[in-house]
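Pasting a structure below so you can have a look.
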């Protein structure tokens, strides 16, 4: 591995050296600008007024992303590892939309391709690299994932049953015209969002709605309880270390303890 | 018990063998299709366009459910146990609607019977059999049930009092025309759903509404706290096993402990 | 204290004997009926149709409550204790409205007095006497009371600042016509109720609203965390009592432990 | 430091002596009046009717605040410490608006300056000085700050992606006319506020909205879990006793520890 490659790797992939930090921050600024540009382009009067500026800015950003992507492949010894990693795929996808738009053209097609372009937003996720705090959070969420899925599945079943019931009670013609619509209303209600575009009007419908809401109020506690307990476990762990007293075999010593709290024997650090 | 019956029991009631798994998954697919069909039938233009297809599909599903129900009764030695179990009743009810509709006919009656048909959705609950994670969740919910009922009852009393107050303040004619309606609004508000179909318009009404909302914000913590604490207890338990030291009778040993953490005596595993 | 008085006390104040239980349940039924009657009276068409029936029912309930109140005073040795207790005052207030309505008359006055009548609902609170579970809940809420007040006060200050800001940004004429209205909207938003009767329309207003909502989402965690921690403590406590072994000074004995778990010394109960 | 200065310092800065308490309470009343006045001035009919009274009251309050500010500077030995502290800046800013309004005049300018005036509300924060309970709360919030920021940042990314998706699905012309508006809707929905001024109308849009809401329901647990765990830790600390090792001065010994966990010195119970 030549020295310049080693240097480049340090700048692009690491954030410990001053130049590496500078590169990452500069890239982050470009990413945020690209995200803001996509947003602004969607505002009709802005697109009409600054169509040319948007066009130019888009190609500049595409150029920067393309160069960055090329450098990333060059700077690493095993490029496949990067290319097929999550960030590698996201980096590639965020350079493509402009090229695809240029080759295939056409307003409608470009419009559909925008769906890909928004993936460019994922680059912002790189921000989390600077914030070590996110580690424990992700651990807690990973541990509670399965449980929360079971819970959300149960919520969905409640929504299907309650939605069908509301459709029968409120009847056709109103906001509960069909079961999928009633289920949509049920999800809106049970998650305590409550848009109000659909709302029950019959007394019986309102009674059932009240029961659904109180149920939702009661079960909103479940995912919170799960994450709360998992996160508690994740953060409590570091308080106790895995040291075991060589004399009395006592464990659960406090972090940084030098002597066993049971027998006073010197602990090996 | 003849061999074929033993075999059949394995396939229908158990999910450990490959054939048993296949049967359960196939059944699950049929159940999901039946649920989706009920939903689609409720959409007017779909019912008008595919009336015949829905009719045929419904009878096919009814046939499958009837055969399954019969097989379940045949495959078990004490069929009463199954018939009067929760799943037995649900299985029976989910086969009935088509037959009842056929015998009694009539659009209105059929419409009302749909209320029974939606119970077919409960079959989907079988899914939870595959996900062991739901065990602890259900335990935690069972433990917190009584406490949450007490809480929901307290919430209901608050709603009755606040609802009556809002009716007095906002007066007749508006959205708070009578006390039941005001209580409905109170439940919508306290659960933080907030449809907005009814909203206070007088300054005093808005002041009381603010107090209700802040109260709701404060007490939403209660069920969460309950489930959180119960779930914490449910998941913490496995950390300590039920072993008792045969020497010093100490308990609360850590999982996998070989020696008593109090006296160092060898624990029987 | 004569025997009949002792007997009466047992029936009215206690729920352990069969007659005492019967009395309490019968009373509860009357209370629920009285609450439902107040609700029904507020529905215009019901009041018009059943005006006489409501009048009669109201006086019957008033009579029952008056007799009950008299018996409660007779049955106790120190009636002042009862009269000035929370339930004593509530019991008295729930008998008064009909008498006051009879003496002073007048529709408007009666209407205002209804506000007192709804206090009759508090009788329902007696239900909690049967449910021992509410003890721990109330303990946890009592412990977190001060903290939650501090929190709600902080929320109120945020609402005043954010409300004033929204009024400045959205300007006069719309839903944010004056600061109190803007604060009302802020409370509706921060508590995640969101009626939608007032909603920002300017881009800057929507940006600030977004910040308020995300803030609300972040701080909704606070009361929950408080109650969660307090309730955890409240339920964990009974596991350990405050006994200290007179022999070895060990503490943290389990509830009901007869012998010290450290040295086996007999504990004084 | 002369005696009168010492005395003045005691009255103004401390709340332990009767006069000090009286001063603080009196000041608090003035602050609340000033906050209420700003609110009332924003109500059109009130401003029109009591314009003169508001003008007089405002100058009285400005005078009181100016005198108080001067006294605070006089009463302290190192006034710079006060002037550049948080409360010093807030105290200064809450005296300025009337003067600025007097010098520069003009309705529009005054209107903009009101934004500064609302900072006067911060004075109310002084209330927390009386409530010691807020200490632990603030500690828990400080500890969870970084984690909650990471979380809110993740929520914002979800909102940007989901907002862009909803804009593509619902299309131009409706409530999802441009991406910023869609993101605003997404924040309103994910935080479970749900105003309902913007709501999806296409079936696909409603399906995605359902997914967003269920996601929001699932992740609302995260900040709660964080604060819950942090607050638990903050309140659990006292479980560790206040013993300090007489040999090495180490603290944070576990309950029941016999020997110092740092140096092994025998602890006095």
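A few points about this structure:
Read from first to last, the chains carry the letters A, B, C and D; within each, the first residue is number 1.
The criterion applied here is as follows: a contact is a pair of C-beta atoms (placed from the backbone, for glycine too) under 8 Å apart; a residue touches a chain by one contact, two chains touch by 3 or more.
In UniProt terms, the chains line up like this: A, B, C, D = Voltage-gated potassium channel.
Bear in mind the structure is a predicted one, so any value in this text is a computation, not a measurement.
Rotation relating chain C to chain D, from a C-alpha superposition: 90°, rounded in steps of 5.
With A-C and A-B as the two chain pairs, more C-beta contacts join A-B. Interface note: chain A and chain D, two copies of one sequence, contact each other through mostly non-matching residue numbers (shared numbers fall below half of all numbers used). Chain centres here are Cα means. That of chain A falls 28 Å from that of chain B.
One simple way to say how far apart two chains are is to compare their mean CA positions; for chain A and chain C this gives 40 Å.
Across the assembly, chain D contributes 151, 180, 183, 192-196, 220, 224-226, 228-230, 232 as residues in contact with two or more other chains. The residues of chain B lying in touch with chain C in their complex are 146-147, 149-151, 153-154, 157, 160-161, 164-165, 167-168, 172, 177-180, 182-183, 189, 192-196, 199, 203, 206-207, 209-210, 213-214, 216-218, 220-222, 224-226, 228-229, 232-233, 249-250. Those residues of chain C whose C-beta lies close enough to touch chain A in the complex are 192-196, 224, 228. Residues of chain D that touch chain C in their complex: 35, 38-39, 42-44, 111-112, 114-115, 118, 121-122, 124-125, 127-128, 131, 133-134, 136-137, 140-141, 144, 148, 151-152, 155-156, 180-181, 183-184, 187-188, 190-197, 220, 223-232, 235, 255-256, 269.
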